[in-house]
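Please go over the structures that come below.
One chain, chain A, links the two complexes that follow: it is found with chain B in the first and with chain C in the second.
Up next, the complex of A and B:
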């Protein structure tokens, strides 16, 4: 399979200052992340707040400029692409944000919001634009009548459909979804998830799906990357990773999910403490402050992402010399 | 068994420019000491309004209890004077909210806010209150509570803030704790810690908990009984195991099917089509009829009665009417 998107050792460091005259340091939001996303698959990124998953999604589209590392889209290095070629590339790469209300202009009708990308990227006649708008509204399960409405007149689920329509109207090849269903009720969440699956099949899209909800990720993705404090801890095919997690962090995450089955209340691995601040990440393995299997070398040596078996990688000293 | 808290056929109306709108309709539930009751529903189902009404925290000029009663140990809360009510709030019934950041005052230190809760209900000296505050904070698992009393809410993480809220709510050892989406804003690993904490406190103190949530996973982990709310009504209630295994109401069944199970892909998600109706558009018959897959003719016009399946398992649906298929 050919990767549609490939990133190598991507870093995003923010300068931070403690106090007015304080020492300068850097917050490492992304610290050396590499991955490949294949054409037609759904790659999911999971992690808690502060793990850098959103930064990763935005950096891929260069909505945030990386500090170092490189991004390849369909074989071309886009890391240093100028503004105009990057703008043209946006017809192939799109993003859908979590908060469908915050990302839609309240003073614009849905129709105008959806026309905007068409008008910036193509020169189409008014009737062509109108036709594309009504078509995309039907594709995402709304009706052409919704084009006349304003965001406040729609429900959360409908607004998220508009967000999806806006991303898809340019017929992109690759779409980043940043927590697309987190703000929605369960029954609406299921509607949007099935819509995403259906669209992927019909339009042969590649997805990067960012979420903190492991049940949703397990349902929708083909491969998963688990992030913690700006680093990739484990990468693998979804079913293998969830049924037999390698990294202690992945194991704890999976065990923390409340199961919708009261017959199966079981002992959980409850992690002590909280995610440390990326301004001051722990030395060695960033997870060592919370890890139940911590060993002396974890405090000093940063574990590399190593291949364990076909398609499965993890960054943990437990798997050295195996 | 004695009923600790009893909500009896409660209906609540909100005043709107176009006349009163009923947002909660005929809700009846009860909870026994030491029990955990889950109140589940989507946004707009009336679960928060129901819980706020228990503490009489709804705005007086807008909301009105149209019908029904709320009783704590047999004593009506609706008939109490404001002064008596203050003695109930925080003392016998406490509440914690979803957003620990907005529930804490950003300009006061943690210590001052917890002390206030401690001294509100027990007369004690400043020093004794300080000691009690530190005890409470360490009981809810806050590391180095002596230092935490001197920090402001923004210096704490979301999980820590929620622990502070729990400490304040538990300050006077309430009989009932209402937890309104206590873990929704938290990460999964922190959520697991908070759920563990609530379970531990309940075991030690025997507090009854009303857990309001939209997350059926959290309910399955923590609750003994569940009430499923839809459009201002309880459509089904029962023991948590029976209800998850044999959901009677099509809405409950639909909710369970629309949740991505953590067992993987084998079962396709089945979404419930449509959306929760606005309270002003509540229908005459069954509120769920418009989205229901087993809808019958009478569903549009006749409001279903509540049918009993034994062991407190009740369901409001025409499917169980005698003579219906």
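Up next, the complex of A and C:
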């Protein structure tokens, strides 16, 4: 399998000024993330709020400019691509936003919202545009009549479908989903997830799926990356990672998933304390302040993402000599 | 324009007009506009028709609002004066909008050094009391209607720029703007098609209120002789002629133009306040709709 997207040592540091005359420091929202996403797969990023997963998704499309590192899309380095070629590349890379309320212009009808990407990138006749709009509305499970509606007239699930339709109308190859279902009711979540799977099969899409909901991730993804404080802690195939998590942080996350069977209760690993601030991340391994297996070298040496077995990687000193 | 759009406009309009004071304000404003348009047909005399034999008459049946020291009919002069007022309002606020709104939008949207320079210039203009600045501008452009129009317009620019700047800074952080960027929409299109329409409501309120203050500033300039040239009928200028006669008891020369100015401004302020309440983002499409 060939990677459609590859990122190398991607960093995004925000300058932070403490107090009026305080020293300048940086908040490390992304701190050296490397990743390869294969054509046709669904790669999920999980992590708590503030782990940098949304920053990662937006940086891939250069909605946020990376501080350093590089992004390759279909083999081309797009890290320093100029504004115009980058703009044109948006026909291949798209994003669906988390908030279905905020991501649609309240003054625009759904039809106009869906026409915008077409009219921006292609010169089509009015009838071609109208046809594409009604087709995409049907694809995402709405009807052409919805084109005349305003966002406030639709439900959350319908709005999110519009968001998906808007991203897909350009027929992209790669789509970032930034928590696409976390603002929706559970029953609607299932519908939207099924829709996403269906679309992926039909249009042979590659997904980067960002979520904090482990059950959603387990359901939809082929591979998972676990992020903590701007760093990738573990990467692996979904089933393997969920059944046998390697990194202590992943273990804690997985143990927090409620078990449907009360007989099969398993030990819950409860993490102490809060996520440290990315403005002032811990030295060494960023997880050492909360890790149950903390060792002396964790306080000073930053663990690198290392290969454990086929397709499985983790950044933890526990696996150094195995 | 489709059905649901019309529905939402009708609902908005209904909400605005449901307040009696707003309706009253709207009626006042429309009344003056109508009177201004119809002045040549409804005014009983010409605005500059001098009849010395009728001079300084108190209000009576043939001269409802009395006559001035040249025997000119006050009512007719007020009606023709409304034309000057409506004209100065439209032109000066037109100038203010067409300069101030793009400047504020550019400063807010692109920010950086350019934005900083624009907004600091606006702050400088805003630091002067508006009447003093208008006087200085009108005096340097030269007295006359054009000078007054330009002066009133320029004085109102910073308010529009600052309002649009604030709106743009807020709107550009909204997710649908980022969505536009993600779709590859050009900056120009984002600015004109997304930012501007979403800033429309507060702009309308500001335009209404600015029209009121434009009437006041124009009248003030004319009062001190920097506005229209005599003998043009203009409310501020009429008060200026009449002020020497207050002491000798010819009150109608000042009171009626004064009422005209006050009622126009009052109308605009009532209307503006009402629009502000109706457009309040917290009341928008949420309270009334899903009640």
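Going forward, the second predicted complex is superposed on the first by the 313 of 322 C-alpha atoms of A that agree within 3 Å, B and C clash if a C-alpha of one lies under 4 Å from a C-alpha of the other, contacts with A are read in each partner's own complex, and residues count from 1 in each chain.
We take it that a contact is a pair of C-beta atoms (placed from the backbone, for glycine too) under 8 Å apart; a residue touches a chain by one contact, two chains touch by 3 or more.
All figures in this text were calculated on a predicted structure; none of them were measured in a lab.
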item	value
Room on chain A for both chain B and chain C (clash or fit)	fit
If touched residues of chain A are counted for chain B and for chain C, the larger one	B
Apex chain A: angle to the C-alpha centres of chain B and chain C, given in degrees as a multiple of 10	80
First, second, both or neither for A:97, with chain B first and chain C second	second
Partner chain(s) touched by A:263 [first = chain B, second = chain C, both, neither]	first
Partner chain(s) touched by A:214 [first = chain B, second = chain C, both, neither]	first
Touched partner set for A:304, first chain B, second chain C, both or neither	neither
First (chain B), second (chain C), both or neither touched by A:190	first
Partner chain(s) touched by A:253 [first = chain B, second = chain C, both, neither]	first
Touched partner set for A:155, first chain B, second chain C, both or neither	first
Distance of closest approach, chain C and chain B, by C-alpha atoms in Å	6
Footprint overlap on chain A, comparing chain B with chain C	none
Chain C residues within the chain A interface of the complex	2-5, 8, 174-176, 178-186, 189, 194, 197-198, 200, 285, 289
Residues of chain A touching chain C in the complex	58, 61, 63, 87-91, 94-95, 97, 99, 102-109, 116-117, 120-121, 148-150, 152-153, 163, 166, 170
Sites on chain B touched by chain A in the complex	42-43, 157-160, 187-193, 195-196, 214-223, 240-241, 244-245, 254-256, 258-262, 264-265, 268-273, 275-276
Complex interface listing, chain A residues touching chain B	48-49, 155-157, 185-191, 193-194, 212, 214-216, 218-220, 238-239, 242-243, 252-263, 265, 268, 270-271, 274-275
